[in-house]
């Protein structure tokens, strides 16, 4: 993968699963970032309300090629 | 989130997925703990039997507000 | 679990989820390794193409009993 | 320090500083736990509202002697 | 906290304390970033001159909601 | 290991060895906790007096099944 | 170093060495970022093709002063 | 130590101590691996039955020279 | 910062705050060490007596230039 | 990168540099392992003799595709 | 523990056990260092010769009060 | 390696490479320390001036035998 890449850190959220939270964050990033290449999971957390898991939160880093 | 919170560490298990294992541990905790607010994934492991994954195990910390 | 166990490190991949990636790596290992007992998740990453997650990659360690 | 000690994990909060957040958590714990001996800082976070830090949050472990 | 959040990493400095260094970094960020929600302390360092601490430096991550 | 497990953190002490410190903490926990299943070593420290090691201290986490 | 600094994370690549990969990433960043002050190595990896190392990849964080 | 070394990861078990668990794993490895040079402790755990430690488990990495 | 630097590790204590504990350790070191340049916080702990925080303890590393 | 990958851990050595030590380990592995894809640096150490660095040692993990 | 403490890092060795290696390092340090107060285990390794563990090596940090 | 070893932590600097920075720190240490045996890389950083890397900084630990 020649070239230089930048990494950004995002937190995605989903009521369903960590996988959906990852997909949501990537989809959101795709609105403004091009050439995204890979992601790395940094951290998994979630919210509990009334004794039930209501939100999965996943912190990811996304790597994308710097184009000029 | 003013106040003081306590964190407990649990291991949930599920034959299906890590997400189900998290939900199971939170549901179990809900039987005796009130005011649970968030969880953090500490560790993910699992059991293999006869060459197949038969159990997903997830260690989580749960934070809940101390009420008095 | 008396005896001695060996641990190997694998990376499984799946277009669907981390859980499927784990299952795939274990199934692949089962072709040549016997007596697998547990796995531990080391790392979760993935590939992004055209702004969408196209592959989940999970690094796991698998422990199995050394038999003689 | 002969004997056996138990460690509990708390999150203290304060609008002023991390030190105050530590003191608050210890004071809260003192209502129900005796023989507390030391604490260790695990994590420091905080809340931001309207562009200003409004809460310091500190996760600590507290060690106390088990008495019987 | 539904939605997607971005995290940025800043180093704040203060001649007085780590808490002031955190506040300074957040205040600086507030000039260009909206919807900041929380911060996490990554690292604490400082400068020594003529045998005295003259600067507290704190590396923090700030999470803010991506709005569109 | 189906079910949900709780983890508690203890510090055991012994003038003889880390192994004895582990055993002491587990024996102490056994007075009030049932169904203990495994332990994990978190940290090993000790006390020195008059230039000699006089106490081994080991921090362990103990996992036990939640029964109802 | 009074003031506030921002940190960005980049991955540089080079067929020659990790040092060249660092230099490449900094040179690329210099096209758009001013006042860069220091870097920290986060991670070193590389690509292997036909049994030979063909690319060194280094993840670095770069700190630069926020000017206004 | 010129040359290239390989590292393997094993879990040794012993009812007596972590040291015995290390020795057991090394002795087991010696049946098939030659030129072992050093080991590093990765992790210490154990089993508890009926409120007593019944097994010490130690994960080690063993380094040995690749000979050809 | 051309030249070679040495790092030493100290634990400072203060009944007031972690910042004061840092300053105390640096002031103590200044009695025998010259050319101190920076410090890094390694660890924060403290003592609890009668249910109150009575001492803040901070472990720091101090870097100073080796002069000859 | 669809499929399953295995990771092995090696220590390469070189009198010249860490980069040469990496290359040496990969070249050695290439004698028996096919389809090597990437490496990750785990650890860098070295030997000192008569006050001079005489050997650079680098621990790497190598990932390669399992073929059948 | 009011006052300032210094920490030094030592590696002790023993043909018998990690505990003996700790004791040996502390005894050696006692020849030149006074007021040693505690130690922390950093790392445990060892040497293997002819397929047998011949040396236990333990890296510890020792804390001692700076007296003047 | 029977006996007791001490570890010291140094930061070496070089305008050329991390390897040169390591060599420089070891050469500097050799002026006052005898029986140095090995080093371990703790951290790699560097300085950037006018958009270019002008200094490589490497933090290492050096182990040497205590002789008496």
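By written order: A, B, C, D, E, F, G, H, I, J, K and L. Residues from 1 in each chain.
Just so we're on the same page, a residue touches a chain if its C-beta (ideal position, glycine included) is under 8 Å from a C-beta of that chain, and two chains touch if they have at least 3 such contacts.
Since the structure is predicted, the reported quantities are computational estimates derived from the model, not experimental observations.
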**OP:** Moving only to chains each one touches, count the minimum steps from chain I until you reach chain J.
**Re:** 2
**OP:** Determine, using the mean of C-alpha atoms as each chain's centre, which chain is farthest from chain E.
**Re:** H
Original post:
In terms of contact pairs by residue number, which of G-L, A-B or A-G shares over half with B-D?
Top reply: A-G
Subject >> Rounded Å distance between chain K and chain L, as computed from the means of their C-alpha atoms >> reply: 22
Original post:
Counting in whole Å, what is the centre-to-centre distance of chain E and chain K, each centre being its mean C-alpha position?
Top reply: 38
Original post:
In chain C, which residues are in touch with two or more of the other chains?
Top reply: 8-9, 17-18, 29, 47
**OP:** Would you please name all pairs of chains that touch?
**Re:** A-B, A-C, A-E, A-G, B-C, B-D, B-F, C-H, C-J, D-E, D-F, D-I, E-G, E-I, F-H, F-K, G-J, G-L, H-J, H-K, I-K, I-L, J-L, K-L
Original post:
Which part of chain H faces chain K closely enough to touch in the complex?
Top reply: 17-19, 22-23, 26-27, 29-30, 34, 36-41, 62
Original post:
What part of chain K is in contact with chain I in the complex they form?
Top reply: 1-9, 61, 63, 66, 68
Subject >> chain B contact footprint on chain D (complex, rising order) >> reply: 8-13, 24-25, 28-29, 31, 47, 55, 57, 59
Subject >> chain F-touching residues of chain H, taken from the complex the two chains share >> reply: 17-18, 43-48, 51-53, 56
